[in-house]
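The same chain A turns up in both complexes below, where it pairs with chain B and then with chain C.
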Partner chain A sequence: MRTKALLLGDIRFQFKYGFYFLYLIFTILYISLLYALPAAWREQAAVLMIFTDPAAMGLYFMGAIVLFEKGERVLDSIAISPVKPLEYVVSKLSSIALIATAVGLLIGLGGGVVANPFFFVAGVFLGACLFSAVGLMVAVNIATLNQFIVATIPAELFINIPAIAWLFGWKPGWLIFHPGVCIIELCQNGAYALSAAFILVVWTVMSALFARFMLAKSLRSLGGEKL
Partner chain B sequence: MKPLIRSFALFVKQIFSDSMLATICIATVLAACFIRFGIPLIEIVLCSYFEREAILADYYLLFDLLLALVTPYMICFASAMMMLTEYDENMASYLAVTPVGKRGYILSRLVFPAGIAFAVSIVLMRWFSLTEWPLGMIPLICLLTCLLSVAVALLLFSFSHNRVEGVAMGKLSGLLMLGLPAPFFLPSDVQYLFSPLPSFWFAKLCMERNVIFLLPALLSALLWIGLLSKKFIRKIA
Partner chain C sequence: MIQVQNLRFSYTKQPFIENMNFEVQNGEIFGFLGPSGAGKSTLQKILTGLLTAYAGSAIVNGSEVKSHDNGFYENIGVDFEFPSLYEKLTARENLRFFASLYKQHQAIDPLLDNVGLLPDADKKVADFSKGMKTRLNFIKALLHDPVLLFLDEPTSGLDPSNARRLKDIILQEKAKGKTILLTTHNMYDATELCDRVAFIVDGRLRALDTPRNLIMSRGASQVRYTFALDGREVHAEIPLDRTGGDDVLQRLVRENRLLSIHSSEPTLNDIFVELTGRRLQ
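Entry: the complex of A and B
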């Protein structure tokens, strides 16, 4: 019940601050771009767009969201409320993953690249949760937006480079254990899609739990006193 | 002058302590090296794979324009993010009523950083550009990209009420750059749909090498800055 209330609050927050409007514009733009590209490039381009934008939106926005909540003393209220850190993490991750999945699906369907809707949705949803969890881990320990941007660069490189290499044809078998590769594999409905789904679930759960741990630690030291 | 320099020093200190300064330095050099050495290498690989004479070579000028834009854009983006933080913490209004003043705040957060970006951009363009640039054209295009970056920072700050909206606006502001590839990929008159964007005229100016395009390039950039400055000043009042 608390998670549901938090989730609704987060969705309302994202709607109020223009996330839905922003991604409506970007969805139209991406679909138009897909049709401006040669048909042979469309699938790879669509997957690349989905992977680097809607799926990764948590890594981009989480810093601003958490810093805003810190500034408004939302986290102080959360710390003394019955809300558990895990509920807060689940709500943040799933609210962002919902919008990311909707946008990803629209781009995928618009570009005609959704081969297996189940794997596609799973890939974008879990990918968005993973990126958001990483964003949350970084965000709880920073004080400015510039710090957040800089601190997320290693994570972006770690997740993006092998995944993009996989998308463009460098596919050694062991790379399927990489979370970014799993997202690409699921979106493309590749030969290893089922294994990728299981691996990505493990990565997402692990990162969500680690984000929960980091958040709980940060909440304990709010206000300058370590509890 | 002293409060102004102190305010600018505060900006430099902040982005230095955030590691943003180091990141911008490394990122610009990496981007420049990638454009200068990576792109021709990729061109060779692509041409031999697809058995064609040129694939990316036709767009080297576009890469040069991106090179001219990358430094001022990153510096002004970092500046806008810092201003948003200062606004959220009410620092911007406080600074505006100190001897720094509104004018000083704009100078120390936007004009000085853009000035430094201008100098760095010229150096990068001189050493790392892929195409031949006539004398005088490099400072001109660097000046224009600096003006555009200032407009982006103003847009980002003026139209957002807090950091969250600022970051969303930052993403949206990337659309202002869409004018750069338009003349390269849209040969028909459809490209003029992008004419409200200064970046479109920058690309036209460099492609056509016709000074007539300097006027709309400069005017459109100044118009964006002028309109956004009013909103910016009202916001920090």
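Entry: the complex of A and C
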């Protein structure tokens, strides 16, 4: 029940703070851009857009959300409420992943790349959760947006480069264990999609648990403890 | 409700809270008084579970604070000194959200009405004045009807009429049987509201008693009076409980020759200065 209450609160927060408006703008922009591209490029372009936007934007949006909450001292109130760190993480990740999946589906349908809706939705949803978890891990330990952008660069390089290489044809078998590659494979309904789904679930759960650990540590440090 | 024994805490290698011992009874308003940086807020953070790396024992509502579970927070309400609210949500949306985090909560509109915010319930918090945010933050701590309230400078920045309104609500909560810990450096609030106060300086408990006992420990109130003698104005002072034996005063009263007369009671601030050598404000 409390996770549901948190989720509804997060959706309201994201709506009021203009995150949904930003998603809308990106969706319109990307679908327009897709139709401006030659038809032969459209599939790869659509998958790249979905990977780098609805999925990966979770990382930045999560950073912005946590920084807003820190700036308005709302995390202090969360820390002295019955909310458990895992409930907070699940709610934040789900709220971002839900809107990311909706936007991803719109772009995917617009680009005509949704071959298997189940794998496609799993790829975008789990990918958004994964990126958001990374965003949360970083955001709880920093104070400004500039610090956040710099601190997320290594994670972005680690997730993005192999995934983009896979999308453009460099596909050694072992790379399927990479989380970014799993997202691409699921969105494209590739030959390894089923394996990719399981591997991505493992990455996402691990990331969520690590984000929970980082959040719990951060909430304890709100009191001023050096941890 | 609260038992603190041999409590020690440090942010660095230097001890900050040192060997603190006290108890707070059910239904009591207990005040922590001290200047800024004395350790009042740190103590509140320990008792609310935000700082857990302490030594000694701090038992709140039957639980050792450092090993509390999240159900611990169903029964305590915390009003931080600074507002912790979503600025782009309205007052009502903020309260609805925070209320939804607890198993049970009070109706929102009567709470807003109690602090005079009902007409502004659907305004964004960003458009609120500092005093309005303080009042909203205060009722946020009451939302789930907790048995134990931690209030950190609850009247800070409020105009006298709104400060009065909040103090009345604090007294109403006490009348309902709630236990209230008030952290403040406002001696007037502490004198008026607290059953007992603890003076905290440099992380140590310097005194703990009722405001009346602390004030009386300094001695009786004084009566000061002035009168004219040989064309000069003369000042005299005598303890209130010895005015019956002051022949000069008696004669001046009989002869209507007093130029002025007034009594002066020591304040908690006077006692604080006397005991600690520091000022509260």
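The rule we apply is simple: the second predicted complex is superposed on the first by the 224 of 227 C-alpha atoms of A that agree within 3 Å, B and C clash if a C-alpha of one lies under 4 Å from a C-alpha of the other, contacts with A are read in each partner's own complex, and residues count from 1 in each chain.
The definition used in the following text is that a contact is a pair of C-beta atoms (placed from the backbone, for glycine too) under 8 Å apart; a residue touches a chain by one contact, two chains touch by 3 or more.
As the structure is a prediction and not an experimental result, all values here were calculated from the model.
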| item | value |
| --- | --- |
| Touching partner for A:Leu8 - first (chain B), second (chain C), both, neither | second |
| Touched partner set for A:Ile153, first chain B, second chain C, both or neither | first |
| Chain B versus chain C as contact partner of A:Gly63, first or second or both or neither | first |
| First (chain B), second (chain C), both or neither touched by A:Phe119 | neither |
| Touching partner for A:Tyr17 - first (chain B), second (chain C), both, neither | both |
| First, second, both or neither for A:Ile25, with chain B first and chain C second | first |
| Chain B versus chain C as contact partner of A:Ala79, first or second or both or neither | second |
| Footprint overlap on chain A, where chain B in one structure and chain C in the other make contact | 13, 17 |
| List of chain A residues in touch with chain C within their complex | 2, 5-6, 8-9, 12-13, 16-17, 72-84, 220, 222-226 |
| Contact footprint of chain B on chain A as seen in their complex | 13, 17-19, 22, 25-26, 29, 36, 60-61, 63-65, 67-68, 71, 144-147, 149-150, 153 |
| Sites on chain C touched by chain A in the complex | 11-12, 42, 45-46, 48-53, 70-71, 73-74, 76, 78, 80, 82-89, 93, 97-98, 100-103, 140 |
| Residues on chain B engaged by chain A in the complex (per definition of touch) | 14-15, 18-20, 23, 78, 81-82, 84-85, 88-89, 162-169, 171-172, 175, 185 |
